[in-house]
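Structure in structure tokens, see below.
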Amino acid sequence: MDAAFFVQLLLNGLVLGVIYALIAMGLSLIFGVLEIINFAHGEFYMLGAMAAYFAVERVHLGYWATIVAVTIGALCVGWVLYEALLARLAGSGFERSILVTLGLSMVLQNGAVFLFTTTPKMLQTADTYSNVTIGGARIALLRVLALGIGVVAYAGLHLMLHRTQVGRAMRGVAQNRDAALMVGIDPRAVSRLAVVVGIGLSGLAGAALAPVYAVHPLMGFAFVFKAFAIIIIGGLGNVSGAAVAALALGVLESVMGGFLPQVVVDALSFGAMILVLLVRPQGLFGRGVRV
Amino acid sequence: MSRSTGLATASALLLVALFAVPLVTRNEYLLALGVSFATFAVLSSGLNLVYGYSGLLSFAQVGFFGLGAYTAALLMTELQWSALPAVVAGGALAAVAGLVIGYSSLRLSRHAFAIVTLSFALLCGIVARDWVSLTRGSMGIPGLPVPTVGAWRIARPADFYWLLLGYSVLANTIIYALVTSRIGRAMRAIKLNEALAQSQGLDPLAHRLLAVTLSASLTGMAGGWFVFYLTIVDPSVFDFYYTETMLIMVILGGPGHFWGVLVSCAVLTVVPDLLRFTTDLRMVLYGAVLIVAMLVLPGGIGGWLDRRRVERWRRIAYGSPR
Amino acid sequence: MTAPLLEVRGLTKRYLGVAAVDDVSFAIDAGGIVGLIGPNGSGKSTTIDCLSGFQRADAGHWALDGKPLAGRPAHAVARAGLTRSFQTVRAYDELSLIENLRVAAQQSDGADWWQALLRTEPLRTHEAASRARALELLTTVGLERYADAPAAVLSYGQRKLLALAACMMSRPRLAIFDEPVAGVNPTMIRRIESVVRAFNASGTTLVIVEHNVDFILNLCDRVIVLESGRTIADGAPALIRSDPRVLAAYLGRSGAAAMLARGQA
């Protein structure tokens, strides 16, 4: 197998890993701060992609304008989601939260199928066929841009969690809710921000990848379960762990897809998750910042 | 005593009426509805046993359903087994899967348990779709042979109706016998207050494994009979649709309420069909109901009835509601 | 000399290097009521949790009637004849009082899974007997009026009585009550005291962990005192009442000295 092909697979894997990372990081953040597994998380990725499709096809926005617009929209949707739904579940017990988000996912997914049918839509822009050459391999420009966006988003999230007051507050709440309350951190405000950021990341991923993959109502569904496996592998609530596990998974799936049967590739994430649970149940990098 | 004999007589009469349906009508639509109800009655009672009575939010049920289905189909088509042994073998394999999954994941946190059971079901679907040499992939295995049980050739819609209804009654009777016995009482106790139950000599793991394994085998056998009815088995037997539907039936009826779940199963089988909903709209409706139920009525109708019972007792004990 | 009912040797439990229970040993003979007291952090709760199988001890052996219990899970310890109540009062809120008690008894009558499922004869007799015993215990604690009411209806003090009754359902050899009178009014304290005496009279040896030292000194024939994970005193209430080490543990050295000087011990 020649080097160029390998580089191709690697780069594709990185792009895939970046989507996984954006989705998984948001999921991990929401779990870490609110202890809610957001079943509907993939749907916001799908909605981001759908919104991008309509922004480009109907409103004729440019690439960057679409990215920004959809991300801002996703942040707002996150805000609404928290206030309308997730805020009411505070301290509610694990099953209620998981079932509410499951119900939400059913509504969004099937609603989208009902409104838009399952036919995939291709987002065509002027750049769709532009390529960039890296290390002998030709890779679509849009994929490189998506990769770049992902890296910037990760850097931004990392900065927020480790360098800002509110990010530290978020980590504090994830670590020990009661202690956080006692030092005056408002768990509502922190939870709201976690949801806003988490959903924003999902929507951003959708917008960045809409021109790369086909857009259809079930695209989130395919990713979200892998995202669950990823956050278990990385450690429930550990955002950086999720990012690393996501990138590794994306690259592995892409590279292995080059020579292993499809069933192994598809089952890889779940197999890895089971292995981690048997050997190191707290995840490869431990349970977030929780002891 | 008279209340439960009354209930028993009513159920017996209802059963007789249900079994008599194919004798009075040839309407295939009605019979298909009956088959659907019978199958979902097993699925939702099985989930009720695991979630409602044992407190385990498990998404693995559809995995057992499909596993039993594929096993039974493959045994009949590849090894020429007859129907009954094939279906029972499917149930046995599903039970083993349940035991393995249960034993390894019951030690994990509830979040991890939910995710693992979910992943198991997805993995089953992935294997069914991708392991083409075994399962023939997305095309599935069409043209399943007509099952025969003894001298009875099960070919007409009425036959399948009786078969699935009969199996559903059997499975639900087993579950009913279990949950009304002291074992069922122990399961509820473990769910309500695990530490207290342990201090009274009850072994949580043993009871949970029993629930998971039993419901896995009953669900697996339902899968076997169901795909013979469809005459084809394909990866769609693992669809998340089944999980969502059985979940909403249990939630609405009330987790831990045997009759409530059966009633909600009947209602949710018949009503959306009457309203001629397409699958997507039906799912949107279910999702909305799930959200509303979780926010407003988390114990389902059964839970609401229980709360009224508590309120009644509070009035007796203290003269006015607290 | 008959063998002790419960023999504990070298019980040790550490959290992150600090010994919560440090090489504790004692033996309890059948028949009496033993009190276990000590200031906060002395290791009383940890001791009970280890003995009853709810926490793993780091070292130590203990046996009930000669049957070793160290390292066995909580449900196995209960089935061996050692029951306990909890500091945070536990009950099955959705079940009726009778059901609460019947659950507590069901592992002790020897019926197996098949008999339970098929409801064959030995089981039916057991169930009838356990129902009768449940009513009897409810009458002892004064809750028979609420036999069919869901446990959620009970007040805090009534829940404590229910929890104590539940401990007795399986006719244990030894029952440990964890802070049975914490947070209840004086009338209820007296009621619980008489209930405890009644349980003891029916043949169960009792160990009572409490903060309410007067309650213990009135009720128990022997008192063990823990401090910082070690036994510092063990004997009759009269001796414990004036033991300077015990007073020092609760009141500090100067407080103890003041007490003794005023002759109030």
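Order of writing sets the labels: A, B and C. Residues in every chain begin at 1.
Rule of thumb we're sticking to: a contact is a pair of C-beta atoms (placed from the backbone, for glycine too) under 8 Å apart; a residue touches a chain by one contact, two chains touch by 3 or more.
Quantities reported herein were computed from a predicted structural model and do not represent experimental measurements.
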{"item": "Innermost chain by mean C-alpha position", "value": "B"}
{"item": "Taking each chain's C-alpha mean as its centre, the one farthest from chain C", "value": "A"}
{"item": "Geometric centre distance via CA averages, chain C-chain B, whole Å", "value": "42"}
{"item": "Inter-centroid spacing, chain B versus chain A (mean Cα positions, whole Å)", "value": "33"}
{"item": "Chain centre separation in whole Å, for chain C relative to chain A (CA means)", "value": "51"}
{"item": "Contact set on chain A toward chain B in their complex", "value": "31, 35, 37, 85, 88, 94-96, 98-100, 102-111, 113-114, 221, 225, 228-229, 232, 236, 261-263, 266-267, 270, 273-274, 277-278, 281"}
{"item": "Footprint of chain C on chain B - complex, ascending", "value": "177-178, 181-183, 185-186, 188-189, 192-193, 195-204, 306, 309-310, 313-314, 316-317"}
{"item": "Partner chain B, residues of chain C touching it in the complex", "value": "52-54, 73-76, 78-79, 83-86, 90-95, 99, 102-104, 106-108, 111, 113, 116-119, 123, 127, 146, 149-150, 152-153, 166, 169-170"}
{"item": "For the chain B and chain A complex, residues of the former touching the latter", "value": "57, 104-105, 107-112, 114-116, 118-119, 122-123, 126-127, 129-131, 240, 244, 247, 251, 278-281, 283-284, 286-291, 294-295, 298"}
